[in-house]
Amino acid sequence: MEKPEKLIVDGKRLDGRMPDELRSLRIEAGVLKRADGSAYVELGENKVLAAVYGPREMHPRHDQQPDTAVLRCRYNMAPFSVEDRKRPGPDRRSVEISKVIREALEPVLFLKLYPRSVIDVFIEILQADAGTRTAGINAASVALADAGIPMRDLVSAVAVGKVEDTIVLDLTKEEDQLGTTDMPIAIVPRKQLVTLLQMDGHLTEDEFKRALDLGFRGCAQIYEVQRQALREKYGVKEE
Amino acid sequence: MYGIVSSVKRDYIVDLAKHGKRVDGRGFDQFRDVSVRTDVIKSANGSAEVKIGNTRVLVGVKIQHAEPFPDMPESGVLMVNAELRPLASPSFELGPPGEGAVELARVVDRGIRESDAIALDKLGIKSGEDVWAVFIDIHVLDHDGNLIDASALGATAALLNIKPPEDEAWTLQEFPIQKRPVAVTVSRINDRLMVDPCLDEEDVADARLTITTVEDGSICAMQKGGAGYLSREQIEEAYHLARTKAEELRERLR
Amino acid sequence: MEKPEKLIVDGKRLDGRMPDELRSLRIEAGVLKRADGSAYVELGENKVLAAVYGPREMHPRHDQQPDTAVLRCRYNMAPFSVEDRKRPGPDRRSVEISKVIREALEPVLFLKLYPRSVIDVFIEILQADAGTRTAGINAASVALADAGIPMRDLVSAVAVGKVEDTIVLDLTKEEDQLGTTDMPIAIVPRKQLVTLLQMDGHLTEDEFKRALDLGFRGCAQIYEVQRQALREKYGVKEE
Amino acid sequence: MYGIVSSVKRDYIVDLAKHGKRVDGRGFDQFRDVSVRTDVIKSANGSAEVKIGNTRVLVGVKIQHAEPFPDMPESGVLMVNAELRPLASPSFELGPPGEGAVELARVVDRGIRESDAIALDKLGIKSGEDVWAVFIDIHVLDHDGNLIDASALGATAALLNIKPPEDEAWTLQEFPIQKRPVAVTVSRINDRLMVDPCLDEEDVADARLTITTVEDGSICAMQKGGAGYLSREQIEEAYHLARTKAEELRERLR
Amino acid sequence: MYGIVSSVKRDYIVDLAKHGKRVDGRGFDQFRDVSVRTDVIKSANGSAEVKIGNTRVLVGVKIQHAEPFPDMPESGVLMVNAELRPLASPSFELGPPGEGAVELARVVDRGIRESDAIALDKLGIKSGEDVWAVFIDIHVLDHDGNLIDASALGATAALLNIKPPEDEAWTLQEFPIQKRPVAVTVSRINDRLMVDPCLDEEDVADARLTITTVEDGSICAMQKGGAGYLSREQIEEAYHLARTKAEELRERLR
Amino acid sequence: MEKPEKLIVDGKRLDGRMPDELRSLRIEAGVLKRADGSAYVELGENKVLAAVYGPREMHPRHDQQPDTAVLRCRYNMAPFSVEDRKRPGPDRRSVEISKVIREALEPVLFLKLYPRSVIDVFIEILQADAGTRTAGINAASVALADAGIPMRDLVSAVAVGKVEDTIVLDLTKEEDQLGTTDMPIAIVPRKQLVTLLQMDGHLTEDEFKRALDLGFRGCAQIYEVQRQALREKYGVKEE
């Protein structure tokens, strides 16, 4: 990849977006037959599929929890989803991402309702272009709702970053690699609570606050698309 | 790859078969709706998504530099891998590929390799040091039976969809595809042969025979599966079924 | 290996055999002390040992089947059995072969007689020269009988192939590598039912039928040697 | 990384927190005793043992030749690995690193990598062939909570302790450290934020946020953990806590 | 490697030992029938099958090109691997070698390596790049006790059976064997020492000591095993037993 | 490492020790908070930590023994403990050492007192300079006592070796690599029983006897330091 001279020209990004603008976003609920719930998310060039199984009996049995269901998440990149073929199987990156996604989703679930059982969330990245973990959370959250799992709210997620000293929403792969900072964030929109927050790069205190602001606003937009996807699937108006 | 069905369902399906019927009303020689979409993954050199009924398989092909095998220093390398992703079925588990995934990948591999579908001899770069590797990754997304046929069709479709890599070492005009192998799996339930079983049928089937043929009807690969047997007559009948249906499926490629 | 000019000269193969002729075959039953049943097969330069344990209690317990025994097969090549030392442990080839061997043997067993238990079949390739999977089936089948496992019949297996447009029986390694087609087949001889059939290479419809014919005839010869091995071990004439 | 506590203990700790107290009488913004000993392992190029209360972590750094990554042919390589040794806690198991160990290593890694603490661009030897690899191995010996802060502090201390390898390929005067990142983890119990939880507190905490800062107070890495949430206000409060405590901890480095 | 015996059988064997007897009537210093067949595997460079009573071990040696270890650039490489194949015993499990197989391989390895049985320094080809690797693979086929002695004897016999590889890089007249190490394991049951325990005896033995000696009676390797102890006197007695029996076994080599 | 001309000059070793002299030895009991028992050993440049957990419930359950506790040992080298970084995880060497250490400790334990349970011994080599397995046994033995596990006696261990035809006690790494013979030995001191004995190199019968003598004497010295460590921890005089 050749490095472009500037990533932001006249206040606009290389793909023409404003700093606070999302890429095109499409979410569809209930796209798989076998899974109990599923969703498909296209965010820019990202293509992500999530499936939910459960609540179902936990195996192996000694991992069962007597007073609660266990939430398991597995984030996986298809070998062909990235520039250089990814060798199949979990690596350290996907192990960590699976963990933070689980911890991002768990706060909205009523796991105590299903003691001894497990809820499995599988996220497949079919095509990757930065922001796959947040796209995965958006998909998983809709898939959980599609599976009929009781939830306090959806979880909406987006990455915020810093590119040439500008705080921008929803980084592309190019911006992620050439910019300095990536900060994925997930929010429970109604209560405005943060369930995922990671960052690497460089942010001053002031930049951090502006990044948080932008993250909250981006998640609000995503939340609308998630709800729309569920409305389309179930044909009812939310109250 | 096999789930467990209740004996009630088993009896029902077997009984239907005895009376010449299938659970979804199809004829024994009839596939479910087949759709083949290509060019679905930008990060792959070639890709295809195949749906057969509710079954859904995504195949991506990556073309990368690799070292040749010592005994074939000027020949490209073909690698087929299948992942039965746990999102596709409650019976698929996390972890390294089990015997079902391994068999699936190897049956698809043999269909392509043995038919010389790819002119691997044209994929050398520097003898003994550098050749093109063709990675075919089969990603199963939704499992409602007949994964072998869907995967093999997806693999051939993805190969036909390949755009050569943007790499100065690539000198061919286009990716050298020579054959279009198509696999058709014939299943036996009780004494009836049928193509394209859905998952429920697959679960009660006694045995299956996958026959991969090329354009002229000759066979490049076969694989019997399942814990039952086939008679000599059934094998010959299966060949005719497979050959006929392969021609139909091959029309879906471009 | 230097490629010979022709593999078939004056209707005879490089080792002097006719196209429909087996290599020398020796089968011995009951060759191991610890196993419940065992057999040794020499087919040309192949040396194969099979052992059977069971029916025995299934571990891990959650793999037990309430209404049937489970048959497990493991095909393994000794590191020194092939030209280039084979790294120990299962590879994709041996995983697939173990599966098709299991499916070749299962049709003759009355597994329902032994609910919750397991029958283990271990096949060790000590020296390999093409046709190890079929030699393994022949050995395993005799070992199962030696273990006293009730069987409908033995299973007999052989590879058929195409060498320079001739359909030949029981390929050597040289014929397998230089010929075009390999088709292993396993048969329940009394009922003439096929329990294993694989093929890779190229066969027209007509060639395929002739290959099937030859496979059935080859298996019939092997069946006789298998039965002879059991007669020798048990010193009784079959009815 | 989380154990199981009895509901009695949980209620007790939560109740204390509501009343502004902690199990060991500390203030919410107070660390346990912190000790940093460096140069404790002769076979390492740099090493440090950090104790925070009863928590004890040993970090060793080895500097060895390695191949560079293809896209950074002249840049040194940083590898951070963490082992939650089973001698450190009854909840740590034998076997390859689990998600707790992986997260720990990656959070420490990002603090060092993203702050450019090491001038990796000075650690090339021969472009595309040979560079210096910096292996930071975190060996957890006794686990009484707050492993991330102890490990990150140990890693930075061990880097500052590095004696260059005795190897003619090494040409720098000293090991090129540019920044001193320090991680501080803020935990939420009920609605109180606190630093440096002991294990019992960690087990009942709802969520944690690790913020790694450098000398000027800017952030180089963050990681939220735990199955709960944080409000926006709590995040900002956590930042101020983390920045203040990091300054204190940084004084322990040399 | 140890099975479980009923306490009845245990008491019976221990009681016999107290009365100076063994289950199969042998003397304490007496091996079961020993047979050594060499040249049994054509695909190996050297091979041997050893039977000691019902115990049966097949050893194959392969000689192949390999890279040398960096600190021994002109020295050949020795690798010993043992597989306790599950066909040999109901107590052997599928999967990677367990501690029993690892110990077996390493004890055989040390006997060969430490006695300089192979002149590895003659097995260089191109300094730092290419040397001969000697792979000794121990394949246990039937387990009725005393696997170490059978495997070590098989390994030495297979080495003596080596036909050099047909490879132009091979320049020696013959494979350079310098010593004939032989391992003898002495087991203690109650307070009696005995050689060559059958499996039942092995299962009730308190401890064992393997002593590998070469032609002049000097020791090149030892390994105590088992969850019991040996007195100083028993160790010296074991040495004399091992040395005497090794001479007998050595006569079976060629 | 440059090879020195001689390892023994005027009867003294390179570090000034006499052939029958131990390196400096420091043992401390009860150094870890979470473990049920622990000990730290410094022997020359070796730094070794041992921890004991148990008797505790055995998992997985099917490994429980109905009539006895199971002793498990795991010897592990920290990646930075040796000259070239050791890749984490068990290798064949550590698997074997873990086994012989377990068998060296087991004779002094009353495992039958704790049926169905497990006692875990973890040994971490933090800095290695030859003799780590025997240092590990010395540490583990004190850690078991510190955990309050009933024991017949401690186990004391040391390596003896041959350097330039001299039998020497407690080899350094240099002596181990340049000398010809290494013989680790572990003893139950009161009854003078050997629970670990390994050797590789070359010993004549006479040398072997002298090595045994030296090993017994070395272990006696180590035993005193072990007991002193426990006395210091528990502030009582042994009877």
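Chains: A, B, C, D, E and F, in written order; residue numbering restarts at 1 for each.
Assume contacts are C-beta pairs under 8 Å (C-beta built on N, C-alpha and C of every residue); 3 or more make two chains touch, one makes a residue touch a chain.
Here the structure is a predicted model, which means the values were calculated and not measured.
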Neighbouring chains common to chain B and chain E, by label: C
Assuming a repeat means more than half of the contact pairs shared by residue number, which candidate in B-C, E-F or A-B repeats D-F? A-B
Distance between the CA centroids of chain C and chain D (whole Å) is 57
Rounded to a whole Å, what is the gap between the Cα centroids of chain D and chain E? 48
Centroid from C-alpha atoms only, then distance chain A to chain D, rounded to Å. What do you get? 26
Per the C-alpha centroid definition, the whole-Å distance linking chain A and chain F comes out as 51
Two or more other chains are touched by the chain A residues none
On chain B, where are the residues touching two or more other chains? 97
In the complex, chain D residues that touch chain A: 97, 99, 102-103, 105-106, 110, 113-115, 207, 209, 217-232, 235-236, 239, 243
Where on chain B is chain A touching in the complex? 41-44, 47, 54, 56, 58, 60-62, 64, 81, 83, 85-90, 94, 96-97, 135, 137, 139, 141-144
The chain C residues in contact with chain E across the complex are 32-35, 38, 45, 47, 49-51, 53, 56, 74, 76, 78-85, 88-89, 120, 122, 124, 126-128
Using the touch definition up top, name the residues of chain C that touch chain B in the complex. 92-93, 95-96, 98-100, 102-103, 106-107, 183, 188, 191-205, 208-209, 212, 216
